[in-house]
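Alright, structures below, take your time with them.
Across the two complexes that follow, subunit A remains constant while its partner is subunit B and subsequently subunit C.
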Partner chain A sequence: MYRILVYIGAVLLLLGASAFGLSLWDGPTAWHTDARTFWGIPISLFVLWIGLAHAGTLISAIFLALGYPLGRRTSMIAELSTLCSLVVAALFPLVHLGVIDNFYMVVPFLDARGNFANLRSPLVWDFCCIAVYGVVSLLFFINHLFSEKKPALKKLIRPMAWLLFPLVLWVHTIVSLDFAVTFVPEWRGAYFPLYFIAGAIYSGLALVIILLTAEHCRVRVLEKLMLSLSWFMAAFWFWEFLLKGMFSFEVFFLGAVVPQFMWLRVIRENTFGRLLVAFSILVSLGLERYILVTPSEYDVANAFGWLDLGLVAFSMGLFVLLFFVLRAKLSALLEGDDVVMGEIVLQEDDPAKMEVSESNVFSALRLPLLLGVLVTLVYVTWAVSCDSGVLVSLSVANIVPLCLPLLVLVASIVLCARPLWSILGNRIRFVAIVLAGILGVFVGAFWAGGGSDTTSAVVSVQELASAKSIEGIWASRCASCHGNDGKFNEKFVREFYPLPQKLSLERLDSLGADSLVHVILNGRINMNPYRGRVTEDEARGLVHYMRLLAGENQ
Partner chain B sequence: MDAILNALSCLMALGTSMFLWRRPTSVYKETGVMVLSLCVFVLFSYFTVDSSEATLEYMPFRMLALCLCFSTTSLTSHKSRYMVLALVLWLWVEFFGGLTFVYRGLEMPWTRVVAIGSGAVGAAFLSHISREMEFMLMVYWIAIWMFF
Partner chain C sequence: MQVLWGCRRVPDFSGVSVPELAEFEKEVRQALSCSKGAFDLVQVPMPGAIRAPGASPLNRFGMAIDLDACDGCGKCILACMEENNIPLSPKEQRDAGRFMHWIEMHGGAPAMCFHCGNAPCEKVCPTGAASHSPDGLSTMMYKRCTGSRFCGANCPVGARKFNYVDSVKEGLVRKFNPGVPLREKGVMEKCSLCIQRLQDHKHAQMVAKPGTEWRGSGLKTACSEACPKNAIIFGNWLDQDSSLVKEAKHRNLYVPAEIAALDPSVVYMRGRR
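And then the complex of A and B:
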């Protein structure tokens, strides 16, 4: 069974690999983008997979934190699906960026060239939250995996669950803010955090039910939760219809109507019936993400090209391959002696035991949380005092999204470091030290930053025949970052990195025309060089045009 | 939104909370009550709040969060834990909803956020919640809803 699924995954991956490669090579021109939002399938797939990544933590950590642990194999399958989904999800923002070699600029610390990430951009929040979520989920999974054989780790699972509980909700809230803080009317929604969380949990539950079906087992409580969430989703879609007039019959039918067939015994008790309902939910939520990301496209079928379908196949293939290979490799560790499949184990009959357990959780978390709070406070103070405030006014609200992930990261490492280290063999310790060294190299590379070489995908100035005037060159070369009016391009500031410079008259005068021409031709910090695409005369014309714009803006 | 409608929305949250966690409890029953309450809040918000007000967007979910806070007073076990969780949900709705407004040039409702956050921290330290304490907590939540 696993072998067949691995083959299916490999075939899908191979089919989609060319689409993925072309997307990386060509950038955003490769896939279909919405005419208004400039977003396309990579962001849709990112939102879908990051949502699916929440199921593992929901099922395992939240149930455990509240004192209702599930069977070991159910939890482990769910946690493994989180890790695999995260790997898939993490690839698509990089594809979306189009400048993959500059992705390190979303890391929110000061680099050697004095750059500080744009903390107003949800992209930076995304990177931090997902990275921390990945690390903490991995620690949680490792703890859970070895806890049967190493009792020292067993004590860490519940405190870790309490750390992951808010983090999992936080991460998807931040993903929702990618949309909610923009100007696109369809994305305006102060309710998006809850809407996204509900959608993520809903799709994640469907995925876990499919994966459990592959294990030839079922967990009724998850099916009940899935059915209950279908009502919540219907309520959200109702609200969206009233508020914005947005409604998709396909999404509603597949996501809210089809799940109601679970009321029928003949469907509920049939493996294919359950699979059909779960797949229907995944298709519905996938479609919903695509419609949300590309609100101008009313005809989804025509908007989807072969490359878009290839990216979908790539994501599915990568997940299936990764999940079932790991599942097969970890088989011995996943299936302990006390595998109990079925209903959750209720512990309410023994309140005294729960109280003692909660007290232990608090004791275990006390020091790690204090250290986490301390590090977070130091970071916030430092970030506010950084130069980024000069470019864009930074408020507490911009930094808060990073606080919880940072706190949880520090607390998790402090909590797990010693017990994990003590159970590791010498060989694994050596590997851990090597990995830490590699991580150090990466951090150093982030700090040092990268070059600003001209990309190979440049368009020669001759191709701009229709835009011969300096204004045309400005619109085609500069406006995407600096804005048509010489102020920030607000969309760029909110979703992208790094921050372009403000073109005030004082700043232009202080730098001088020759210096600015040099910057345009040779690049500086995050400004890419335009030599070969812009002549020196055109660069001088652009400087003159900048002065005109700066004068108008004063 | 004027004070009368605001008070009415608070009253509706209080009224619907009475149907939650009544024994015998089940996943379907509790979720059904929550979703029906949410639909009522959705319709109430749609017909009473001015569509030009940005706060309309998250009004039904604020009401649901308040409803869940009220409903925790009728729990028989783990009351303090679920009260904190309900308050954190309310805080979540207010803070992240407010954050999206900050990007549109509106003010973050800091007073409300701090008041709810203080309530959540305070509730975490309550080992025993008497009937009088429940009443005072509900008054505190209503005051936050009405005045902040």
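And then the complex of A and C:
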């Protein structure tokens, strides 16, 4: 069964890979873009998959934090689906970018050139939240995966669940702000965070129900939750219709009407009935995201080209392949000696329930949270102080979206670092240190950026030396060869040097100011280098003076 | 390494065709034939100094477009293309009515970036490539742009243009003006209010008359220079002696309703008062 699914995934991936490659190669011209928003299928797929990535943690962490027990295998499947969806989701913003090389400029981390990302932009918040969500979900998954064997990790699960609980809701709120803070009329509305969270959980539940069906398992409580969320979504869609007149029959039918068939026992007891409902929800929400992202394209069938479909196939193939390959590789750890799946009914006096009391959870979280708050405070003060080059200054409110993710990141790393380190073997420790070193090199390289002469050449005019001094410099340094009037001093030059270049206006224009400054400072063929004798600002002034002279001579 | 870090790549012109001026003229005619809908205009007071830390108290450059004088001839579009090396669009884009022109006709009147004092595009730019100059220009740093197109989605009047294709390689661009760089594939661009002319003017004054305050007097953008009816007036809103203020004082000023609250620097003029 899994093997067949892996093959299906591989086929979809191969079919989609050509579309993916072409979109990388061609850039945003490859897929269909909306004339008004310039976006298109990659962002729709990103929003869809990031939504699907929420259900796993929701089911696992929030149920756990609230003390609602699920079978270990059930929650592990859900968490694995979260990680795989995150990988898929993370690819699409990269595809979307026009200049993929520059993606690192989105990281709010001052680089050596003094460039700082614009923290007012929801995209920056988005990037940080999702990166943190990925790291924390991975830590949670690892803890959960090895917790059967290592009791040290078992204690961490509930505190981690409490850290993840707010983060899940936060991340999708931020994703919704990508839309809600803009001026596009179709995207405006204070209800967007709730709408997005509901949509994310709804689609994620449908995905988890499909994945659990592959395990021959059925969790009644998830089905109930899904059904109740279908009413939320129906209410939101109705609200959108009243507010903006936006309504799509297909989305409403597949996402709000079809799920009501779960009321019928015949349908919900039948595997194919459940699968049908879950797939209809996924299609509905995928379509809804597409319509939302490209608001002026109501005719979706016409807008979709083969490349758009190829990207959809790529995302599905990648997820199926990743999920089921990992599922097969980890099956020994995932399943363990745990035969129970689905809900677990705990007795009041069950030792499992007594094992971790809430006070233990909070005492474990105390130090990590404190450190998290400290690091966040330091970051906020630093970020406010180093916003440069942008006229409107950054306010603390702009950094608030980053605070919780940063806090959770620091807290979860502090929480997990020691127990995880203690269970690692020597070889893995060595690998971990090497990996940390490589990561450090990458961060350093990001910080240093590339060599760039262009930014250092940007100089404000106020720093330009005044004309009097420039004339003086020209007379003392340059005129001996190039002449007082810019037509060279023929007598002197004939005697000592080959003829210097004519400083005609065409030639100056073709070289450009930056390279002329470079020539003055560093020399070229028979031209002497003047670095140390004239400053860069003076050189810039000289270039300007040359242009004036050349203009007069013409 | 160069590719990875997004450093300057020098465009290679060898072996690519460069379009003739006639093709640009033809494209402008095509753009004029599929003019966009007119804006809903609302009346506004004269733009004042930008209320933001770091804004210059002396200069705020802007334009006023005289709707009574303009006859929609489109000469400004061509002049702008020549000044700023704007590429032609691929044929299928052109036929769909999508052009790279920084000036477009909306209901028969030219519209470009309005250089809002409180610009929504700058707020959402993740890298800070879209930012404001102290002189009131909404500027673009092409090398800093990562092409997320968030600014384009957030511009209420759709003034931003995205470089979907490598116009040098496709032979769609001619470097009319050596002082303006050609934009790479994948970056946003829009009206710069001829920032290169401003910069040259400022340099020239600093060198010729050091110590004087630069107010940009006597300067014209390419479009205002090209206008046969003198319908586009460029100037400094904060300089009482500039031709812009002198003219706009006696006129009713209008801007598109979508951006009326965003403090635009480019306005329409109509009627006398």
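One rule holds in what follows: the second predicted complex is superposed on the first by the 428 of 554 C-alpha atoms of A that agree within 3 Å, B and C clash if a C-alpha of one lies under 4 Å from a C-alpha of the other, contacts with A are read in each partner's own complex, and residues count from 1 in each chain.
By definition in this document, contacts are C-beta pairs under 8 Å (C-beta built on N, C-alpha and C of every residue); 3 or more make two chains touch, one makes a residue touch a chain.
Not measured: the values here are computed from a predicted model.
Of the two partner chains placed around the shared chain by superposition, neither subunit B nor subunit C is touched by A:L367. When the two complexes are overlaid on their common chain A, residue A:G27 makes contact with subunit C while staying clear of subunit B.
Of the two partner chains placed by the overlay, only subunit C lies in contact with A:L123; subunit B stays clear of it. Of the two partner chains placed around the shared chain by superposition, neither subunit B nor subunit C is touched by A:V443.
Counting the residues of subunit A touched by each of subunit B and subunit C gives the higher count for C. Look at A:V181: by the touch rule set out above, it reaches both subunit B and subunit C.
In the superposition on chain A, A:L377 makes contact with neither subunit B nor subunit C. Once the two complexes are overlaid on the shared chain, A:V431 sits clear of subunit B and of subunit C alike. Residue contacts after overlaying the shared chain place A:L14 against neither subunit B nor subunit C. When the two complexes are overlaid on their common chain A, residue A:A235 makes contact with subunit B while staying clear of subunit C.
On subunit A, the surface patch touched by subunit B in one complex and by subunit C in the other comprises residues 181-182.
Residues of subunit C touching subunit A in their complex: 1-8, 50, 52-55, 96, 98, 120, 122-128, 131-134, 143-150, 152-156, 158, 162-165, 178-179, 184-188, 199, 202-204, 206-211, 214, 258.
Residue ranges of subunit A in contact with subunit B, taken from their complex: 166, 169, 173, 176-177, 180-182, 188-194, 221, 224-225, 227-229, 231-232, 234-235, 238-239, 242-243, 348, 351, 395, 397, 400-401, 494. Within the complex, the subunit A residues that touch subunit C are 27-29, 33, 35-39, 93, 96-103, 105-106, 115-118, 120-124, 127, 178, 181-184, 389-393, 449-452, 454, 461-462, 464, 466-468, 470, 509-510, 512, 541, 544-545, 548.
Those residues of subunit B that touch subunit A in the shared complex are 27-28, 31-32, 34-35, 38-39, 42, 46, 54-58, 60-61, 77, 88, 92-93, 95-104, 108.
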